[in-house]
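What follows is a group of structures, each given as structure tokens.
First chain A sits with chain B, and in the next complex the same chain sits with chain C.
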Partner chain A sequence: MGNQKLYKGSLQTIILKLLAQNDKMYGYEITQKVKELTKGELKITEGALYPALHKLEAEGLLDVEVAKVGNRLRKYYKLTENGTKETANKLEEMQEFLKTMQQLVNPKFSLE
Partner chain B sequence: MELTKEQIQRVNKYLDLKGVKFIDFRVEIFDHIVSQIEQKLEVENTDFETIFYQVTDQWNKQLNSSSSFIFGLAYSAPKVVMNKAKKVFKPFFFFTLVLCILPGILMSFLDLKISPQVVNRTSKTINVIALLLSSIWLFTTIKTSRDKIKTVYSFIIKTQSLTIIYVPLMVLTSSIKDGLTITLFLVFVSMVMLNVIFYKKHQKEKEKYKLLVG
Partner chain C sequence: MKLTTLQIEQLYKFTRQHYMEHYDVQTELVDHLANDIEQIWIEKPALTFKQARDISFKKFGIFGFMDVLEEKQKQMNKKYFRIILGFVKQWFSIPKIIVTLTMFYCFYLLLQFSFAQYLFPGLFFTILIIEFILLLKRRKKLNTKFKTTGKKWLFEDIIETQGNGNVIFGLFYVFQFLTPNSYDNLSTSSSLIISAATTLAVIIGYVSLIVIPKKAEYLLEKHYPEYKLV
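On to the complex of A and B.
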């Protein structure tokens, strides 16, 4: 819970990764999936989620689809072709970052 | 557990009260809040009222009214909408700011000797272009203000409606002897450009919600 600031810079990568695995998702679903996968360690707030989604959409990495679900409309996000490429790049960057952090924090047990 | 019509109405009223009338936020936030309440009703052994207050309390921070000096303090919108509007508008704001300063600096450095005939001809051309651009500006401004569907882009156009009125008037009544008219003209051109760009974005955004708009 105290690590929320450390996760902040990775929010876009987390969203892209989830969408790469799930075809299309809506806002609330993303927050719940992250909570589930991290066993409650990471809770994405609405104030951080929607600006990130809208930014990715404006950059052409996400496409939206509005569908009627039950008694209301739902906005789904899915990866565009560029989004799929960018996801691979961002994940590679993330791996590099984790490797570097590992070397800094715990040199004896670094990944290499 | 799906919410009843009355419970749905409560959520709608809450969003109305918070001023979330912008379609590009309303649909998404409404769905999020209803999903949150539905899930909590299933998991927790609590009544709708308690859960409704828990969930809306969580959202209040994002939906409370907010304003910014960029648009003028007279214009307010829910914080989440204002944040997006600021992000979208900032590049145009700084571009216009540069246009306000640059011609004056250039004119003072270049110290151009322009003949009265050239001044006269250029003034007339500027006036004609300003008039043409005014009609484009009027069209986009009136069209978006009359539109019942609001988006973050129509909000930005609305915030610019007061400041722009004086620009064509000043362009039409000045000459280009100093940098002022050129500055006003360039600012006016950039504002019309801004209106056209955001008008198109507003239409595009509406298109995504055609299921709702009809």
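On to the complex of A and C.
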């Protein structure tokens, strides 16, 4: 398992990206999907996921939908129009960040 | 293996025991715990419901549900103040602006009377008493609702506690710090500031204790998609 601290600042971007690909998702589904995609490398903790989701919802980036599934209610999250725009921005920021980190940890020297 | 309705109810009770008393926040956590318990049972079918539940709960960390609750309260409070601000802004539109200006002018005139030292505090306490009566009425109504439905909603609680508490304290502080010790020879600027602050306190009081509670049902339905489902 990798260093979870390194992923911490990227939680919102990860959530937004997943929702951009999956129309609507519920909390538990997000944790499982991340586990599956990263082959267990990244485990989103419950104590971090819900505060992040509620924050994104309050910022107007996510919309909620509630449906009765079996004998319980399920809260689904989906991107709002603003959320879709913000996802693009956050992903761009993430790419920049990755590029910068790459340069720092693995600099390529050229003879130019 | 799927959870039974009784086990779902037990999960609601479990969240209540861990200081989550609002139905809206409980619902999301109950679904999460239920999904996780079902997943745990696939891997370890021999575990009892309680054992699987405890394993799932431990994943929330040492503070349990507290992180979730704190963030939710923070967001709801922000939302509440945005709504208040929206209503207050609406207030400053014609014809309400005329009422506001008249009220402001009345307070200003009142301060110029020679017996302002009796009239003004008297007026202030009358407003306080009216607000207190409104607060008690609202509390009674909510208690009755809770007894009938058995459900508390976080946003509804915030409408009540913030609305009542802040407004009454706000009014109290205006009275305490802005009103002068002596009403003799009050300067024009002091009179203007006191009148403006009193007008604002009355408007905020009216919006928080009358306008918003009246729209509470609509706001709850808008905020909680599940409000109508249960």
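Throughout what follows, the second predicted complex is superposed on the first by the 107 of 112 C-alpha atoms of A that agree within 3 Å, B and C clash if a C-alpha of one lies under 4 Å from a C-alpha of the other, contacts with A are read in each partner's own complex, and residues count from 1 in each chain.
Assume a contact is a pair of C-beta atoms (placed from the backbone, for glycine too) under 8 Å apart; a residue touches a chain by one contact, two chains touch by 3 or more.
Just so we're clear, the structure is a prediction, and the values are computed from it rather than from any experiment.
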Inset, instruction - Judging by the criteria at the top, classify the pair chain B and chain C on chain A as clash or fit. - result: clash
Inset, instruction - Have a look at where A:26 lands relative to chain B and chain C in the superposition and call it first, second, both or neither. - result: both
Inset, instruction - Please identify the positions on chain A that touch both chain B and chain C, taking each partner from its own complex. - result: 26-28, 32, 46-47, 50-51, 54-55, 64, 66, 68-75
Inset, instruction - Under the touch definition given earlier, write down the residues of chain B that touch chain A in their complex. - result: 2-3, 8, 25, 27-32, 34-36, 39, 58-59, 61-62, 80, 83-84, 87, 208-212
Inset, instruction - Would you pull the chain A residues touching chain B in the complex into a rising list? - result: 26-29, 32, 46-47, 50-51, 54-55, 64, 66-75
Inset, instruction - In the complex, go through chain A and note every residue touching chain C. - result: 26-28, 32, 45-48, 50-51, 54-55, 57-58, 64-66, 68-75
Inset, instruction - Over in the complex, which chain C residues touch chain A? Could you list them? - result: 2-5, 8, 27-32, 34-36, 39, 59-61, 63, 67-68, 70-72, 75, 78-79, 224-226, 229-230
